[in-house]
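First chain written, first letter: the chains are A, B, C and D, and each begins at residue 1.
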Amino acid sequence: MEDFKNYFKKDMFIVNVGIELLEISPGYAKAKLEVEEKHLNALKTVQGGVLFTLADIAFAAAINAHGNSAVLINANMSFVKAATKGTLIAEAKETSINPKIATYNVNITDDEGDIVAIFQGMGYRKKTPNDFS
Amino acid sequence: MEDFKNYFKKDMFIVNVGIELLEISPGYAKAKLEVEEKHLNALKTVQGGVLFTLADIAFAAAINAHGNSAVLINANMSFVKAATKGTLIAEAKETSINPKIATYNVNITDDEGDIVAIFQGMGYRKKTPNDFS
Amino acid sequence: MEDFKNYFKKDMFIVNVGIELLEISPGYAKAKLEVEEKHLNALKTVQGGVLFTLADIAFAAAINAHGNSAVLINANMSFVKAATKGTLIAEAKETSINPKIATYNVNITDDEGDIVAIFQGMGYRKKTPNDFS
Amino acid sequence: MEDFKNYFKKDMFIVNVGIELLEISPGYAKAKLEVEEKHLNALKTVQGGVLFTLADIAFAAAINAHGNSAVLINANMSFVKAATKGTLIAEAKETSINPKIATYNVNITDDEGDIVAIFQGMGYRKKTPNDFS
(Lines give C-alpha, C1' and ligand atoms only; values in the text may rest on other atoms or scores of the structure.)
Protein backbone atom coordinates (compact mmCIF):
# COMPACT_ATOMS: atom_id res chain seq x y z
CA MET A 1 0.00 0.00 0.00
CA GLU A 2 2.83 2.41 -0.81
CA ASP A 3 0.46 4.43 -3.01
CA PHE A 4 -1.63 5.12 0.04
CA LYS A 5 1.20 6.09 2.30
CA ASN A 6 2.41 8.50 -0.37
CA TYR A 7 -1.10 9.83 -0.86
CA PHE A 8 -1.42 10.75 2.79
CA LYS A 9 1.93 12.55 2.60
CA LYS A 10 0.02 15.11 0.54
CA ASP A 11 -2.17 15.73 3.60
CA MET A 12 -0.44 18.88 4.85
CA PHE A 13 -2.15 18.86 8.24
CA ILE A 14 -1.28 15.25 9.00
CA VAL A 15 2.33 15.86 8.04
CA ASN A 16 2.50 18.98 10.20
CA VAL A 17 1.00 17.24 13.22
CA GLY A 18 3.56 14.48 12.76
CA ILE A 19 1.32 11.45 12.29
CA GLU A 20 2.73 8.38 10.55
CA LEU A 21 0.69 5.62 8.92
CA LEU A 22 2.01 2.19 9.90
CA GLU A 23 -0.43 -0.23 8.24
CA ILE A 24 -3.21 0.06 5.66
CA SER A 25 -5.46 -2.60 4.22
CA PRO A 26 -9.13 -2.51 3.11
CA GLY A 27 -11.12 -1.89 6.30
CA TYR A 28 -8.10 -1.68 8.58
CA ALA A 29 -5.37 0.86 9.42
CA LYS A 30 -2.91 1.74 12.14
CA ALA A 31 -1.35 5.17 12.72
CA LYS A 32 1.24 6.49 15.17
CA LEU A 33 2.05 9.78 16.91
CA GLU A 34 5.07 10.55 19.07
CA VAL A 35 3.86 13.14 21.59
CA GLU A 36 5.81 16.41 21.48
CA GLU A 37 5.51 19.78 23.23
CA LYS A 38 3.58 21.14 20.27
CA HIS A 39 0.70 18.70 20.83
CA LEU A 40 -0.05 19.84 24.38
CA ASN A 41 -2.75 22.16 25.69
CA ALA A 42 -2.45 24.59 28.61
CA LEU A 43 -2.96 21.69 31.06
CA LYS A 44 0.07 19.92 29.51
CA THR A 45 -2.04 17.07 28.17
CA VAL A 46 -2.44 16.14 24.51
CA GLN A 47 -5.03 18.45 22.92
CA GLY A 48 -8.33 16.74 22.00
CA GLY A 49 -7.95 17.90 18.40
CA VAL A 50 -4.64 16.01 18.13
CA LEU A 51 -6.33 12.80 19.26
CA PHE A 52 -9.21 13.39 16.85
CA THR A 53 -6.78 13.97 13.97
CA LEU A 54 -4.90 10.76 14.81
CA ALA A 55 -8.13 8.72 14.89
CA ASP A 56 -9.44 10.40 11.75
CA ILE A 57 -6.41 9.53 9.65
CA ALA A 58 -6.62 5.86 10.70
CA PHE A 59 -10.31 5.92 9.77
CA ALA A 60 -9.59 7.64 6.43
CA ALA A 61 -6.89 5.15 5.49
CA ALA A 62 -9.06 2.14 6.36
CA ILE A 63 -12.11 3.31 4.40
CA ASN A 64 -10.24 4.67 1.38
CA ALA A 65 -8.24 1.45 1.10
CA HIS A 66 -11.38 -0.18 -0.37
CA GLY A 67 -10.70 1.87 -3.51
CA ASN A 68 -13.58 4.36 -3.56
CA SER A 69 -12.96 7.91 -2.47
CA ALA A 70 -14.68 8.35 0.91
CA VAL A 71 -15.27 11.21 3.34
CA LEU A 72 -16.03 11.37 7.06
CA ILE A 73 -19.61 12.52 7.67
CA ASN A 74 -20.00 11.83 11.40
CA ALA A 75 -17.67 11.02 14.27
CA ASN A 76 -18.23 10.41 17.95
CA MET A 77 -15.29 10.45 20.34
CA SER A 78 -15.00 9.60 24.03
CA PHE A 79 -11.93 10.87 25.89
CA VAL A 80 -11.19 8.53 28.77
CA LYS A 81 -7.56 9.03 29.86
CA ALA A 82 -5.34 12.09 29.59
CA ALA A 83 -2.23 11.49 27.47
CA THR A 84 0.92 13.47 28.23
CA LYS A 85 3.87 11.74 26.54
CA GLY A 86 5.21 8.72 24.70
CA THR A 87 3.75 7.03 21.64
CA LEU A 88 0.06 6.97 20.79
CA ILE A 89 -1.30 4.30 18.45
CA ALA A 90 -4.66 4.53 16.65
CA GLU A 91 -6.11 1.29 15.27
CA ALA A 92 -9.15 1.44 12.96
CA LYS A 93 -11.38 -1.60 12.49
CA GLU A 94 -14.40 -1.79 10.20
CA THR A 95 -17.74 -2.48 11.85
CA SER A 96 -19.97 -2.34 8.75
CA ILE A 97 -19.84 -1.53 5.06
CA ASN A 98 -22.33 -1.16 2.24
CA PRO A 99 -21.94 0.57 -1.15
CA LYS A 100 -22.63 4.03 0.30
CA ILE A 101 -21.90 4.00 4.03
CA ALA A 102 -19.19 2.33 6.11
CA THR A 103 -18.48 2.55 9.86
CA TYR A 104 -15.31 2.11 11.91
CA ASN A 105 -14.24 1.90 15.53
CA VAL A 106 -10.87 3.47 16.25
CA ASN A 107 -9.15 2.99 19.62
CA ILE A 108 -6.19 5.12 20.65
CA THR A 109 -3.83 3.50 23.15
CA ASP A 110 -0.77 4.77 25.02
CA ASP A 111 2.57 3.18 26.00
CA GLU A 112 0.94 1.38 28.92
CA GLY A 113 -1.65 -0.21 26.64
CA ASP A 114 -4.42 1.88 28.19
CA ILE A 115 -7.16 3.27 26.02
CA VAL A 116 -6.90 7.06 25.78
CA ALA A 117 -9.83 7.70 23.43
CA ILE A 118 -12.48 5.82 21.46
CA PHE A 119 -13.69 7.07 18.07
CA GLN A 120 -16.73 5.83 16.13
CA GLY A 121 -16.68 7.14 12.55
CA MET A 122 -19.15 6.99 9.67
CA GLY A 123 -17.98 7.61 6.11
CA TYR A 124 -19.78 8.30 2.86
CA ARG A 125 -18.33 6.34 -0.07
CA LYS A 126 -18.36 8.09 -3.45
CA LYS A 127 -18.61 6.17 -6.71
CA THR A 128 -15.32 7.61 -7.93
CA PRO A 129 -12.10 5.76 -7.19
CA ASN A 130 -9.23 7.39 -5.31
CA ASP A 131 -6.82 9.34 -7.45
CA PHE A 132 -3.22 8.79 -6.42
CA SER A 133 -1.69 10.79 -9.22
CA MET B 1 -11.73 37.91 29.83
CA GLU B 2 -8.12 38.76 29.07
CA ASP B 3 -7.01 36.11 31.58
CA PHE B 4 -8.70 33.51 29.46
CA LYS B 5 -7.33 34.65 26.17
CA ASN B 6 -3.86 34.60 27.69
CA TYR B 7 -4.50 31.19 29.20
CA PHE B 8 -5.31 29.69 25.83
CA LYS B 9 -2.12 31.18 24.41
CA LYS B 10 -0.39 28.54 26.52
CA ASP B 11 -2.18 25.90 24.45
CA MET B 12 0.65 25.06 22.09
CA PHE B 13 -1.51 23.12 19.64
CA ILE B 14 -4.11 25.87 19.30
CA VAL B 15 -1.39 28.44 18.71
CA ASN B 16 0.28 26.24 16.11
CA VAL B 17 -2.95 25.60 14.25
CA GLY B 18 -3.55 29.35 14.24
CA ILE B 19 -6.87 29.59 16.06
CA GLU B 20 -7.84 32.88 17.70
CA LEU B 21 -10.43 33.32 20.44
CA LEU B 22 -12.71 36.26 19.71
CA GLU B 23 -15.22 36.20 22.58
CA ILE B 24 -15.50 34.36 25.89
CA SER B 25 -18.19 34.54 28.56
CA PRO B 26 -19.62 31.89 30.91
CA GLY B 27 -21.36 29.38 28.64
CA TYR B 28 -20.48 31.14 25.40
CA ALA B 29 -17.43 31.52 23.16
CA LYS B 30 -16.48 32.34 19.60
CA ALA B 31 -13.25 31.33 17.84
CA LYS B 32 -11.79 32.03 14.40
CA LEU B 33 -9.50 30.32 11.91
CA GLU B 34 -8.11 31.74 8.67
CA VAL B 35 -7.71 28.75 6.34
CA GLU B 36 -4.15 28.25 5.12
CA GLU B 37 -2.36 25.62 3.01
CA LYS B 38 -1.22 23.85 6.16
CA HIS B 39 -4.81 23.05 7.17
CA LEU B 40 -5.65 21.11 4.02
CA ASN B 41 -5.78 17.38 3.39
CA ALA B 42 -4.87 15.56 0.18
CA LEU B 43 -8.25 16.50 -1.32
CA LYS B 44 -7.44 20.19 -0.70
CA THR B 45 -10.24 20.58 1.83
CA VAL B 46 -9.80 21.53 5.49
CA GLN B 47 -8.80 18.42 7.47
CA GLY B 48 -11.49 17.13 9.86
CA GLY B 49 -9.06 17.38 12.76
CA VAL B 50 -8.68 21.12 12.13
CA LEU B 51 -12.45 21.60 12.33
CA PHE B 52 -12.62 19.49 15.48
CA THR B 53 -9.84 21.53 17.09
CA LEU B 54 -11.62 24.78 16.23
CA ALA B 55 -14.90 23.55 17.75
CA ASP B 56 -13.12 22.09 20.77
CA ILE B 57 -11.42 25.35 21.70
CA ALA B 58 -14.72 27.26 21.52
CA PHE B 59 -16.27 24.56 23.73
CA ALA B 60 -13.33 24.68 26.18
CA ALA B 61 -13.47 28.45 26.49
CA ALA B 62 -17.23 28.47 27.08
CA ILE B 63 -17.21 25.79 29.76
CA ASN B 64 -14.06 26.94 31.57
CA ALA B 65 -15.37 30.50 31.69
CA HIS B 66 -17.71 29.37 34.49
CA GLY B 67 -14.62 29.21 36.71
CA ASN B 68 -14.22 25.49 37.34
CA SER B 69 -11.59 23.57 35.46
CA ALA B 70 -13.40 21.35 32.94
CA VAL B 71 -12.44 18.69 30.41
CA LEU B 72 -14.11 17.31 27.29
CA ILE B 73 -15.33 13.75 27.84
CA ASN B 74 -17.44 13.18 24.72
CA ALA B 75 -17.93 14.95 21.42
CA ASN B 76 -20.05 14.21 18.39
CA MET B 77 -19.34 15.99 15.13
CA SER B 78 -21.20 16.04 11.81
CA PHE B 79 -19.33 17.26 8.74
CA VAL B 80 -21.80 18.72 6.29
CA LYS B 81 -19.91 20.99 3.85
CA ALA B 82 -16.31 20.86 2.70
CA ALA B 83 -14.35 24.01 3.59
CA THR B 84 -11.47 25.07 1.35
CA LYS B 85 -10.62 28.69 2.09
CA GLY B 86 -11.53 31.92 3.85
CA THR B 87 -12.46 32.43 7.49
CA LEU B 88 -14.13 29.79 9.65
CA ILE B 89 -16.02 30.83 12.79
CA ALA B 90 -16.94 28.46 15.63
CA GLU B 91 -19.65 29.58 18.01
CA ALA B 92 -20.27 27.60 21.23
CA LYS B 93 -23.61 27.85 23.06
CA GLU B 94 -24.47 26.09 26.30
CA THR B 95 -27.39 23.65 26.16
CA SER B 96 -27.28 22.41 29.79
CA ILE B 97 -25.24 22.72 32.96
CA ASN B 98 -25.19 21.08 36.38
CA PRO B 99 -22.39 20.94 38.97
CA LYS B 100 -20.65 18.02 37.25
CA ILE B 101 -21.69 17.92 33.59
CA ALA B 102 -22.33 20.65 31.02
CA THR B 103 -23.17 20.35 27.31
CA TYR B 104 -22.61 22.67 24.35
CA ASN B 105 -23.55 22.95 20.70
CA VAL B 106 -20.86 24.42 18.49
CA ASN B 107 -21.58 25.41 14.88
CA ILE B 108 -18.78 26.18 12.44
CA THR B 109 -19.71 28.52 9.60
CA ASP B 110 -17.83 29.73 6.54
CA ASP B 111 -17.64 33.07 4.70
CA GLU B 112 -20.96 32.39 2.98
CA GLY B 113 -22.69 31.82 6.30
CA ASP B 114 -23.13 28.13 5.54
CA ILE B 115 -22.68 25.56 8.27
CA VAL B 116 -19.57 23.48 7.68
CA ALA B 117 -19.73 21.28 10.78
CA ILE B 118 -21.83 20.78 13.91
CA PHE B 119 -20.25 19.72 17.22
CA GLN B 120 -22.07 18.52 20.34
CA GLY B 121 -19.70 18.43 23.33
CA MET B 122 -20.06 17.14 26.90
CA GLY B 123 -17.65 18.33 29.59
CA TYR B 124 -16.85 17.11 33.08
CA ARG B 125 -16.49 19.96 35.57
CA LYS B 126 -13.90 19.49 38.32
CA LYS B 127 -14.28 21.09 41.74
CA THR B 128 -10.99 22.96 41.34
CA PRO B 129 -11.00 26.43 39.83
CA ASN B 130 -8.95 27.28 36.75
CA ASP B 131 -5.39 28.34 37.40
CA PHE B 132 -4.32 31.25 35.22
CA SER B 133 -0.93 31.71 36.79
CA MET C 1 -49.74 18.03 7.07
CA GLU C 2 -52.58 15.66 7.88
CA ASP C 3 -51.05 13.10 5.50
CA PHE C 4 -47.98 13.02 7.67
CA LYS C 5 -49.79 12.69 10.93
CA ASN C 6 -51.77 9.81 9.48
CA TYR C 7 -48.61 8.26 8.09
CA PHE C 8 -46.99 8.16 11.52
CA LYS C 9 -50.10 6.50 12.92
CA LYS C 10 -48.93 3.47 10.94
CA ASP C 11 -45.78 3.46 13.09
CA MET C 12 -46.83 0.76 15.55
CA PHE C 13 -44.05 1.45 18.03
CA ILE C 14 -44.73 5.19 18.20
CA VAL C 15 -48.41 4.51 18.74
CA ASN C 16 -47.69 1.97 21.47
CA VAL C 17 -45.29 4.28 23.29
CA GLY C 18 -47.97 6.97 23.14
CA ILE C 19 -46.17 9.73 21.26
CA GLU C 20 -48.22 12.39 19.49
CA LEU C 21 -47.01 14.63 16.67
CA LEU C 22 -48.05 18.25 17.24
CA GLU C 23 -46.45 20.13 14.34
CA ILE C 24 -44.75 19.16 11.10
CA SER C 25 -43.25 21.32 8.37
CA PRO C 26 -40.22 20.83 6.09
CA GLY C 27 -37.20 20.85 8.44
CA TYR C 28 -39.23 21.28 11.63
CA ALA C 29 -41.37 19.13 13.91
CA LYS C 30 -42.68 18.98 17.45
CA ALA C 31 -43.79 15.84 19.31
CA LYS C 32 -45.29 15.20 22.74
CA LEU C 33 -45.30 12.43 25.33
CA GLU C 34 -47.33 12.27 28.54
CA VAL C 35 -45.20 10.28 30.97
CA GLU C 36 -46.93 7.14 32.29
CA GLU C 37 -45.89 4.23 34.52
CA LYS C 38 -45.07 2.15 31.45
CA HIS C 39 -42.29 4.55 30.43
CA LEU C 40 -40.28 4.21 33.64
CA ASN C 41 -37.19 2.13 34.40
CA ALA C 42 -36.34 0.43 37.70
CA LEU C 43 -35.13 3.79 39.10
CA LYS C 44 -38.57 5.28 38.35
CA THR C 45 -37.19 7.68 35.75
CA VAL C 46 -38.15 7.74 32.08
CA GLN C 47 -36.19 5.03 30.25
CA GLY C 48 -33.50 6.35 27.86
CA GLY C 49 -35.09 4.45 24.99
CA VAL C 50 -38.35 6.36 25.48
CA LEU C 51 -36.51 9.67 25.19
CA PHE C 52 -34.65 8.44 22.13
CA THR C 53 -37.89 7.34 20.50
CA LEU C 54 -39.49 10.72 21.19
CA ALA C 55 -36.54 12.60 19.66
CA ASP C 56 -36.35 10.19 16.74
CA ILE C 57 -39.95 10.70 15.70
CA ALA C 58 -39.55 14.50 15.76
CA PHE C 59 -36.42 14.07 13.62
CA ALA C 60 -38.19 11.68 11.24
CA ALA C 61 -41.16 14.00 10.77
CA ALA C 62 -38.93 17.04 10.11
CA ILE C 63 -36.74 15.34 7.52
CA ASN C 64 -39.50 13.39 5.76
CA ALA C 65 -41.59 16.56 5.46
CA HIS C 66 -39.24 17.68 2.66
CA GLY C 67 -40.89 15.00 0.52
CA ASN C 68 -38.12 12.45 0.03
CA SER C 69 -38.16 9.26 2.04
CA ALA C 70 -35.35 9.52 4.60
CA VAL C 71 -33.82 7.27 7.25
CA LEU C 72 -31.78 7.92 10.38
CA ILE C 73 -28.17 6.79 9.94
CA ASN C 74 -26.53 8.28 13.04
CA ALA C 75 -27.73 9.84 16.27
CA ASN C 76 -25.95 11.23 19.28
CA MET C 77 -27.87 11.82 22.49
CA SER C 78 -26.87 13.49 25.76
CA PHE C 79 -29.02 12.81 28.82
CA VAL C 80 -28.79 15.76 31.17
CA LYS C 81 -31.77 15.66 33.54
CA ALA C 82 -33.82 12.71 34.77
CA ALA C 83 -37.51 12.95 33.80
CA THR C 84 -40.09 11.32 36.04
CA LYS C 85 -43.51 12.74 35.18
CA GLY C 86 -45.53 15.32 33.29
CA THR C 87 -45.34 16.24 29.62
CA LEU C 88 -42.19 15.95 27.53
CA ILE C 89 -41.85 17.96 24.33
CA ALA C 90 -39.34 17.21 21.56
CA GLU C 91 -38.61 19.98 19.07
CA ALA C 92 -36.56 19.19 15.94
CA LYS C 93 -34.76 21.96 14.04
CA GLU C 94 -32.77 21.50 10.85
CA THR C 95 -29.09 22.42 11.00
CA SER C 96 -28.08 21.47 7.45
CA ILE C 97 -29.48 19.87 4.31
CA ASN C 98 -28.12 18.76 0.94
CA PRO C 99 -29.60 16.32 -1.59
CA LYS C 100 -28.31 13.25 0.27
CA ILE C 101 -27.68 14.16 3.91
CA ALA C 102 -29.55 16.37 6.38
CA THR C 103 -28.88 17.03 10.08
CA TYR C 104 -31.14 18.05 12.96
CA ASN C 105 -30.89 19.12 16.58
CA VAL C 106 -33.71 17.89 18.79
CA ASN C 107 -34.15 19.20 22.33
CA ILE C 108 -36.46 17.47 24.78
CA THR C 109 -37.86 19.70 27.52
CA ASP C 110 -40.00 19.01 30.59
CA ASP C 111 -42.85 20.90 32.29
CA GLU C 112 -40.38 23.24 33.96
CA GLY C 113 -38.84 24.18 30.63
CA ASP C 114 -35.60 22.39 31.54
CA ILE C 115 -33.75 20.43 28.91
CA VAL C 116 -33.93 16.70 29.63
CA ALA C 117 -31.99 15.43 26.62
CA ILE C 118 -30.30 16.71 23.47
CA PHE C 119 -30.29 14.69 20.25
CA GLN C 120 -28.19 15.33 17.13
CA GLY C 121 -29.45 13.25 14.19
CA MET C 122 -28.15 12.63 10.68
CA GLY C 123 -30.47 11.29 7.99
CA TYR C 124 -29.89 9.80 4.56
CA ARG C 125 -32.34 11.09 1.96
CA LYS C 126 -33.43 8.65 -0.73
CA LYS C 127 -34.43 9.76 -4.20
CA THR C 128 -37.89 8.22 -3.82
CA PRO C 129 -40.73 10.32 -2.44
CA ASN C 130 -42.66 9.28 0.65
CA ASP C 131 -45.59 7.00 0.01
CA PHE C 132 -48.62 7.90 2.10
CA SER C 133 -50.93 5.36 0.57
CA MET D 1 -26.64 -12.62 38.57
CA GLU D 2 -30.25 -13.50 39.28
CA ASP D 3 -30.54 -10.32 41.37
CA PHE D 4 -29.82 -8.32 38.27
CA LYS D 5 -32.23 -10.11 36.03
CA ASN D 6 -34.94 -9.60 38.63
CA TYR D 7 -33.95 -5.95 39.00
CA PHE D 8 -34.44 -5.28 35.32
CA LYS D 9 -37.86 -6.91 35.50
CA LYS D 10 -38.84 -3.80 37.43
CA ASP D 11 -37.99 -1.77 34.32
CA MET D 12 -41.52 -1.37 32.98
CA PHE D 13 -40.44 -0.12 29.56
CA ILE D 14 -38.02 -2.97 28.95
CA VAL D 15 -40.66 -5.48 29.94
CA ASN D 16 -43.24 -3.87 27.67
CA VAL D 17 -40.89 -3.78 24.70
CA GLY D 18 -40.19 -7.45 25.31
CA ILE D 19 -36.42 -7.42 25.85
CA GLU D 20 -34.81 -10.31 27.73
CA LEU D 21 -31.40 -10.22 29.43
CA LEU D 22 -29.40 -13.35 28.61
CA GLU D 23 -26.04 -12.74 30.31
CA ILE D 24 -24.69 -10.22 32.82
CA SER D 25 -21.23 -9.92 34.33
CA PRO D 26 -19.16 -6.87 35.36
CA GLY D 27 -18.44 -5.00 32.13
CA TYR D 28 -20.35 -7.40 29.89
CA ALA D 29 -23.98 -8.16 29.02
CA LYS D 30 -26.10 -9.71 26.31
CA ALA D 31 -29.77 -8.98 25.62
CA LYS D 32 -32.32 -10.38 23.17
CA LEU D 33 -35.41 -9.17 21.32
CA GLU D 34 -37.77 -11.24 19.19
CA VAL D 35 -39.10 -8.84 16.55
CA GLU D 36 -42.90 -8.48 16.58
CA GLU D 37 -45.41 -6.31 14.71
CA LYS D 38 -45.45 -3.84 17.58
CA HIS D 39 -41.75 -2.97 17.04
CA LEU D 40 -42.16 -1.83 13.44
CA ASN D 41 -42.41 1.66 11.98
CA ALA D 42 -44.48 2.75 8.98
CA LEU D 43 -41.80 1.35 6.63
CA LYS D 44 -42.20 -2.07 8.30
CA THR D 45 -38.67 -1.99 9.72
CA VAL D 46 -37.76 -2.08 13.41
CA GLN D 47 -38.13 1.44 14.86
CA GLY D 48 -34.82 3.12 15.79
CA GLY D 49 -36.05 3.62 19.35
CA VAL D 50 -36.48 -0.14 19.75
CA LEU D 51 -32.87 -0.72 18.71
CA PHE D 52 -31.70 2.05 21.04
CA THR D 53 -33.64 0.52 23.93
CA LEU D 54 -32.15 -2.90 23.26
CA ALA D 55 -28.60 -1.51 23.21
CA ASP D 56 -29.25 0.67 26.25
CA ILE D 57 -30.37 -2.23 28.44
CA ALA D 58 -27.27 -4.25 27.52
CA PHE D 59 -25.16 -1.19 28.38
CA ALA D 60 -27.03 -0.64 31.67
CA ALA D 61 -26.63 -4.26 32.75
CA ALA D 62 -22.90 -4.30 31.96
CA ILE D 63 -22.09 -1.07 33.81
CA ASN D 64 -24.35 -1.67 36.82
CA ALA D 65 -22.92 -5.18 37.26
CA HIS D 66 -19.79 -3.54 38.72
CA GLY D 67 -21.90 -2.77 41.80
CA ASN D 68 -22.22 1.02 41.69
CA SER D 69 -25.43 2.57 40.48
CA ALA D 70 -24.72 4.09 37.06
CA VAL D 71 -26.63 6.16 34.51
CA LEU D 72 -26.24 6.75 30.78
CA ILE D 73 -25.04 10.29 30.05
CA ASN D 74 -24.19 10.04 26.35
CA ALA D 75 -24.84 7.58 23.57
CA ASN D 76 -23.96 7.54 19.91
CA MET D 77 -25.66 5.11 17.57
CA SER D 78 -25.09 4.22 13.92
CA PHE D 79 -27.87 2.43 12.06
CA VAL D 80 -26.37 0.35 9.28
CA LYS D 81 -28.89 -2.33 8.25
CA ALA D 82 -32.67 -2.31 8.45
CA ALA D 83 -34.06 -5.10 10.63
CA THR D 84 -37.50 -6.51 9.85
CA LYS D 85 -37.90 -9.85 11.65
CA GLY D 86 -36.28 -12.64 13.64
CA THR D 87 -34.11 -12.35 16.73
CA LEU D 88 -31.90 -9.37 17.51
CA ILE D 89 -28.99 -9.73 19.93
CA ALA D 90 -27.22 -6.84 21.66
CA GLU D 91 -23.79 -7.51 23.14
CA ALA D 92 -22.16 -4.88 25.38
CA LYS D 93 -18.39 -4.85 25.93
CA GLU D 94 -16.51 -2.43 28.16
CA THR D 95 -13.94 -0.21 26.48
CA SER D 96 -12.80 1.80 29.54
CA ILE D 97 -13.60 2.30 33.19
CA ASN D 98 -12.49 4.65 35.96
CA PRO D 99 -14.20 5.48 39.27
CA LYS D 100 -16.56 8.01 37.68
CA ILE D 101 -16.88 7.24 33.97
CA ALA D 102 -17.09 3.99 32.00
CA THR D 103 -17.61 3.42 28.27
CA TYR D 104 -19.09 0.53 26.28
CA ASN D 105 -19.49 -0.60 22.71
CA VAL D 106 -22.72 -2.42 21.98
CA ASN D 107 -23.28 -4.22 18.68
CA ILE D 108 -26.73 -5.40 17.62
CA THR D 109 -26.77 -8.35 15.22
CA ASP D 110 -29.54 -10.15 13.36
CA ASP D 111 -30.22 -13.80 12.51
CA GLU D 112 -27.76 -13.67 9.62
CA GLY D 113 -24.99 -12.44 11.91
CA ASP D 114 -25.00 -9.02 10.23
CA ILE D 115 -24.56 -5.90 12.31
CA VAL D 116 -27.77 -3.87 12.41
CA ALA D 117 -26.60 -1.05 14.68
CA ILE D 118 -23.57 0.07 16.68
CA PHE D 119 -23.92 1.91 19.99
CA GLN D 120 -21.16 3.70 21.93
CA GLY D 121 -22.34 4.56 25.46
CA MET D 122 -20.80 6.58 28.29
CA GLY D 123 -22.06 6.12 31.86
CA TYR D 124 -21.62 8.12 35.03
CA ARG D 125 -20.96 5.91 38.05
CA LYS D 126 -22.43 7.09 41.36
CA LYS D 127 -20.79 6.27 44.68
CA THR D 128 -23.91 4.49 45.90
CA PRO D 129 -24.30 0.77 45.30
CA ASN D 130 -27.26 -0.65 43.41
CA ASP D 131 -30.31 -1.39 45.49
CA PHE D 132 -31.96 -4.65 44.54
CA SER D 133 -34.57 -4.60 47.26
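Keep this in mind: a residue touches a chain if its C-beta (ideal position, glycine included) is under 8 Å from a C-beta of that chain, and two chains touch if they have at least 3 such contacts.
The structure presented is a predicted model; accordingly, all values stated were derived computationally and were not measured.
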Identity of the chain that, by mean CA position, is farthest from chain A: C
Which of B-C and B-D has more C-beta pairs touching across its chains: B-C
Interface sides of chain A and chain B: same vs different residues, half threshold: same
Between chain A and chain B, centroid-to-centroid distance (C-alpha), Å: 20
For chain B paired with chain C, centre-to-centre distance based on mean C-alpha positions, whole Å: 28
Computed distance of Cα centres, chain D from chain B, in Å: 32
In chain B, residues with contacts to at least two other chains: 73-74, 76, 78, 80, 101, 122
Complex contact set, residues of chain D against chain C: 7-8, 10-14, 16-17, 37-43, 47-50, 52-54, 56-57, 69, 71-80, 82
Touching residues (chain side chain B, partner chain D) in the complex: 73-74, 76, 100-101, 122, 124
Footprint of chain C on chain B - complex, ascending: 74, 76, 78, 80-81, 95-96, 98, 101, 103, 105, 107, 115, 118, 120, 122
